[in-house]
Structure formats: structure tokens, C-alpha cells
Amino acid sequence: MKVVQSSRQSRVAGVAFLLLVLVLLTAPMWASRGHISLLIEFFYFLALAEIWNLLAGFAGIVSLGQQAFLGLGGYALFFVTMHWQWNPVLSLIFAAVAGGVIAIPVTLVVFRLHGAYLAIGTWVVAEVFKLVFSDINSLGAGSGISLPSSVAHAVNFGSFSRNTVLYCIALAVALLSILCAYALLRSQVGLELSAIRDDEKAARSAGVNSFRIKLLVFIAAGAATAMTGALIYLSKLRISPGSAFDINWTSYIIFIVVIGGLGTLEGPMVGAIVYFVLRQYLSDLGSWYLIVLGAVAVAVMLKMPSGIWGTLAKRYSLSLFPTQRRLVFSEEDLLPGQQTVDAALTR
Amino acid sequence: MKLLTVSNLNATYGDFQALYGVCLEAAEGEAIAVIGANGAGKSTLLNTIAGSVASKGDAIRFAGEPIGGLHPWQIVARGIALVPEGRRLFASLTVEENLLMGAYSRSRDAHSLDEIYKIFPQLRSRARQSSLSLSGGEQQMVAIGRALISKPRLLMCDELSLGLAPKIVGEIYETLALIRERGVTLIVVEQNVRQAMAFADRVYCLQEGRVSLEGISTQLHPDQVSRAYFGIRQNQSQGDLPDLDSGSPGVRSDFNSEASGPTNSGFAGEGRA
Amino acid sequence: MSGWMDSILQGLLLGAIYGLFATGLSLVFGVMRLVNVAHGDLIVLSAFLALWIEKALGLPSPFLTLIVLLPLMFLVGYVLQRTILNKALGEDILRPVLITFGLSVIVQNGLLEAFSANPQKLIGGRLETASVHLPGGLMAGAFPLLTLAVSVAVIGLMQWTLYRTALGRALRATSDDRQTAAMMGVKTPHVFALATGIALATVALAGVFTGVRASFDAFSGPDWLIFAFEAVIIGGLGSLWGTLAGGITLGIAQTVGARFSPAWQLLSGHLAFLVILVLLPRGFFPRRVD
């Protein structure tokens, strides 16, 4: 017998996904500037959502403070390009490292809390970051700072415009977040995460170090969010504590993940599409837009807790990025007198 | 008319079916025992009657009325009380407060605290203590008192003897006999088969969610009960049946002998909360 | 020296209102393990409602609005719990956090739409400026003292309810073991709704008192939620008096920090919270083992 993770459906979907990525890669050649900018936004929201989904849907950690790392990444970018004259694209790596490193002391504090209190604790951390960065004069303090044009232009790569380069980076970041999450979930760590999610006590008695795993996932999420934050502010060109550490980042991410489907890799993709479509039509409404978003999220959580994708996937047994493991028996496993049984050992 | 009739009851926990077509009856004033191994569905049966697990409309009738779709708080108001498995006392409440909680649904009709203390005199001195500070036997008394205070017509007890020394178990069953004399109908779930059969008029045996045996306790043979307990059908192997009982059933007064129940649970000493 | 004493006194009085913020949060968490992320926004809602009621009824003092506001907010809490939050309860901690977070966004933006972004303030009149001489040459504002008295009274009343009434017994039993409480006759959906109703009544009080103390706007909610939450954690989960102590500790940390620089007020509060969290993870007076 063997453990099988893919199915015919997922292999077909995998090919389709690959084709889609190839098409997206060529977008700068045929899409308008405005659409490219929109896609950049789409990709970084998708990345943020996949990361948050990994934390909340798979590791069971609800973070209301990922904006702490987002802002940290943005400021890391500004710092390293302005004060150390680093290439902005390399700065993204620096931002990721900074995010991961800072996440360590954050976990020491925040992991003393549990559940909803942990969630609010992460929010407090974000507020602390906001207050601290409001005090750093070399980075613009409370009113913020703009990226010098020399740095902005340094993003150009040969004949490719800044927009195109940003687009490619954004696409790469989104793909990376999806694929890394996928790889993680298909690995041993992913199996342990599933066990923790189903029954933490049982998982621990089976030898899973749940605390260490959650720690690792949180640190990785911090690094990934910081890198995405650097990308965001590289495209925005101006940063301020109020915007970088704004809780609304988390609001939008939560809506995307909840509406799309918590705990599935495909969910955030669906959610991001819904979010952007809603934004197109509702952005004129000002604060009503957020009210509608909030109401939709609450309604979805009450009526369709698995989100749009989650509900569809359960109904029609869909899985494009299968993270389940199935135990498949073959003839060799049978004892005399037995018949084959297709046992499904689900997560 | 029987006080309680359970007809063809199916109960599921999510995807898992715990009871398959269970039928059970209790007449007013009877003492019924439900025995079976771990996981046979005994607690599920009691929880379903008490309303913690939902059941469909007509499967359970109490005093002629269907109670399947009712909430637990509605069912207790009708006169069914449960002493849950593991006691489940309220940890932040004192002994007295735990007892008073039992009367919550029937504040006017309930017994007074005094009457409960008459049945369990040891509790009177412990009234203001935290329920957690009591020994296992005393906790069991509080749990029974808490169920009793609502003046139920039907009292259900889930695994009373679990974690208690034989002497204490004996005392508790003596008290149950007194309660029975006051006219309360009793359903007792027990893994301690000897105890259950010694106490009850009729016995039901559950095996993997089904009733595998039913009968008057004095008329059942230990072999029959063994087979029903383990799910061995009549025609299967005769040899090597585990010994359920060294004596014969129906010797009602023999409370103090070692119970040799097949799973032999409950002898880790008293006080296991 | 008296400067320090003064700061500590002001911190104590400030902390009283944080304690009041936190009381409702503590009660709801104690009874049903629910943390309402919209708690702070509901305090802001109360403050705005008080403003509106005062104007609509032509009342001379915002405190009089409480006659209407207290039962109103109780009702809001009851309905909110019965219709939405009861469905959010369960083993999953994700759902309640996400649902109440969604509510928070709705309330904030709803307030923005209804009342615009301008900061508002409730006028307390002469009470705001009156002060009282205390021993040791210290001066305390009459209004902050009143707030302290109200906080103590509210918590005292709540403790009395929890420990001396049948309802309180039911609330505590339900928080210990919801399923068994139901089997005793406790109508859990109703009892949960009563708890939230009571919590929102305290929120109404908190809203009026904080509205008089300082200005507020549609987005003040999260700050207040965080203060309430910090008070609960510092004080220890499950203890109402602990929550007041936690609030006072927070208040003192803030005012002492403000002595060094006004910009440091908030930050010193947060840092004190973080330090206490690391050194005493269960707070000053932990009661439950969660």
C-alpha cells in the first residue's frame, strides 16, 4: 500500500494552473497599464491571504496583527534602500529576514496567550509597532516618508519598465506563497499540522511538538508577510505608520479568506477575485463598501462557514491543490480470503 | 402505560452512528439496568433520552408524550433527571450551590436542601465546600442529590460505580434502593454487571449500539449475559467465555463481594474525580 | 515627590474607566468563552447614542441619557447574542473572532456614515471641572472620582449577582459546563443572551463616562478594546476585581509614562502589559484554568 496525495482531477487542475501562470507571465505584453497595476494589487493581496490562511486555517492561529509585519517589511525596504543604498529588489529579501527575526521575540510574548486573546495580543503588538515607528525620525516619524525617485527608478531592469518589473515580482511572490504553503502542507510538517488541527491533545500524545510547529509557522508567516509588505510599499512609494500598520489590512485579508474558504489553498484565490469584483462596483460607496464587506463576511461565516470554495469543494469533491492523504491498498496487502477495500484515510 | 418507551431509536454523532434501532421500556417504579462494554452506546442512550443528543420525534415517549425534539431544559422540567457519567459537578460552585442548580428548573416543586441532606447526611457538613474538594464517593452523592432535588419521576444514572471503592458503591446502591422505595423510576447504566443485575428488575444489554439481550434479571443465565455483552452469537464457540460472575445472578443482597465485571473498571480506588 | 503621587493618583482614576471598559468583556468571556472583538466599538456606539439621545430629548446632562441607554443597550446585547452570537459559539475559536471582527467593521463604518468623522464629546458640565482636595495635598477631579465610584459599584453589583442570586449561579454553572447546566434546566441561549445584555449595559455606562472624559470618534473603538483586553489579562482571567486592578495598573503605567513624554503614554501602557504578560502570564489574580 502507499500514501497517495494527488488524484486525476488534481493533476488536470495542476496543468491548467500552469497554463494560467504562463498566460499571466505574458500579461505585460498585452494588458493595459491600469490592468497591470490592478493585477499587482491582486497578487499581493492573494499572497497576504494565503499566508494568513496558513496561520489561521491550518495552524489554528488567528492573527489580527499581521499588519505589524507588513509595515515592518515596508519600513525595512525604505530603510535599506535609503540608508544603505541597497537595490530595492534585494531589499525584499532583507525584509523577509527582518520579518522572520523580529517574529521570534513576538512569539515569546504572544504565545503566552491563547485563542481569541492571542488574536488581540497580536493586534497589540501591531499597535506597539505603529507607536514605535511613529517616533523614528529618520523614517519620517508620524507623517511618513516617500521613496526617493532614484530608488524608484532603480527598479527598472534593462528595457523593462518599473511597472513590469513590479508585476513580475508580485506574481512571483503570490506564486511563492501558494507553492511554499502547498509544499509545507504536503510535507511531514503539514501532516502534523493537520493532526493538531483535528485534535491537539491526541497529536501531542503521538509525539507532535505542537508548540514548536506553531512557532515555526508563525515565524515563516512573519517573514513572508514582511516580504509582501516590502513589495507593497515598493509599489506605493510612500509609507506612513498609519497606513503601514493599519488594521484594515487584516480586515481585507480576513474577508478574502473567509469568503473564499478558510483552510483550503484555493479559497483565498476565489476570495480575492470576489473581493476585487466587489471593490470595482462598491468603491464609490465610501464607508458603505466596508459595511457591505463586513456584513457579507459575517453572513458567510454564519451560513457557509467553509466559504464559497470550501462549500463547493465539499459538495463536488473538488481539490486542485490536494493536501489530503489517502491510503491506497493493492493486491499485495491482502490476507487470504480478503477482498480489496479502498480505504480513505482522510486528514 | 409505561412511563418511558424507547422505540427503534437511532442516534448519530456526526457521521458515526451510535445506536441502531434500540427499544427499551420502563414502567413506573421499575429499576432497569443497561449494561454493556465501553463504547456500546449506553451513555449515548441516556444522553439521548435526556435531550443532549437529538432524536427524531416519536422514538422516545415519556408519560405518553413524545420528547424527541425537546431541549434538555424542557426534558428536565418534565421530570427526567440524569446523573452524568463522571459526575460532572460544577467546579466553581460549592456543594450546596451544585444541589441548588438541580432545582433550577423546578423551583417550586423541588425538594428542599434539607430533604437531600437527610438522604446524604455526610453532605450537610460539606455544604459550603468547593465540590472539587470532596472524595469520589461524596462527589457521586452530590451528583445524585443534584439530580434528585428536582423530584424527578425518572432518574437515570450513568456509571455510578466508576472510580469508586466497592464499599462506597454498595452504600450508593443502598441509597438508590431507598430512592426507589419513594416511587422514583430508575435506569442505571453500569459496567459493573453484577451490581447492575443485583439491583435491577430488568436488564438490557447493549452491544455496539444494539440491544443484544433483554430480560428479567433473576431469569438470566450468566453465560447468556456474557455472550450478549461481547456480541458472541449463540451458535459460536462454547469454550473460553470470560467469567462474568463467580456466583449466580439474582442474589440481590450480595453487595460486598468483588465484582468481576469483564472490563473490571472502577477499582483504581476512590476519589478519582 | 508629590508629582509622582499625583501621576499615580491620576493613573488610578484613569484605570477605573479601563476597568469599566473591561467588566463586560470579562463577564462574557467568563460565561461563554467569547471574546467580542467589537466590544470597543460598542462602547463608542453607546457614546454616540448618548449624544444623539441627549439632543433628541433635550436633556440637560448626558448622564440622564442612561435612563434610556441602559435598557436600550441591554436589549441590543440580548438580541445580538440570540440572533448572531449564539450561532458563533462552539468548539471553534476562529468563528467567533471572525464574526465579531466583522461586526466591529460594520459598527465602525456605520458610525462613520451616521455621524461623520468629526471627533465628538459629551459635555459633563460643572462636574467635569470640579475637584476635591485629598490628604497629602493632592487634588482629584470630582468626575474621575465619580467614575471610580461607579466602576467599583458596577463590579460590586456584578459580583453580588454572580454569587448571591439564582441567575448568577446559573451563569457560573453554565460557564463551568454548558451541557450539564442545560440538563439542570438552564435555557442556555437565553442565559447567554442575558449575560451579553448585562455586558452591554456596562458598555453603555462606559460609553457615557468615557464620552464625558475625552473626545471620541467612529474609530476610537479598537483602542478601547485593547485597553479593556489588557486590563483583563493583567488582572487575570476570571476575576472581576482583578480586572479593575488590571485597569488601574494600566492607567498608572500610562500616566507615569506620560511624565517622561506625552507621546509615550500609550506606548508605556502597552509595554507594561507586555512585560507583565511575560513575567506573570496568568495575571495578578488568575482564577480559572482554561
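Points to keep in mind about this one:
Read from first to last, the chains carry the letters A, B and C; within each, the first residue is number 1.
The criterion applied here is as follows: contacts are C-beta pairs under 8 Å (C-beta built on N, C-alpha and C of every residue); 3 or more make two chains touch, one makes a residue touch a chain.
Note that the coordinates shown come from a computational prediction; the quantities given were computed from them, not determined experimentally.
The minimum number of touch steps separating subunit A from subunit B is 2.
The chain pair sharing the most C-beta contacts is A-C.
The geometric centre of subunit A is 52 Å away from that of subunit B, both derived from CA atoms.
Averaging Cα coordinates per chain places subunit B and subunit C 45 Å apart. Once the centre of each chain is set as its mean CA position, subunit A and subunit C turn out to be 33 Å apart.
Note for the complex: subunit C touches subunit B at residues 166, 169-170, 172-173, 175-177, 179-188, 288. Listed in rising order, the residues of subunit A touching subunit C in the complex are 56, 60, 62, 64, 108-109, 112-117, 119-121, 123-124, 127-128, 131-132, 134-135, 247, 251, 254-255, 258, 262, 286-288, 290-291, 293-295, 297-298, 301-302, 305. Listed in rising order, the residues of subunit B touching subunit C in the complex are 50-52, 71-73, 76-77, 81-82, 84, 88, 90-93, 97, 100-102, 104-107, 146, 150. Of all residues in subunit C, those touching subunit A in their complex are 29, 33-35, 37, 84, 87-88, 93-99, 101-106, 108-110, 112-113, 222, 225-226, 229-230, 233, 263, 266-267, 270-271, 273-274, 277-278, 281, 290.
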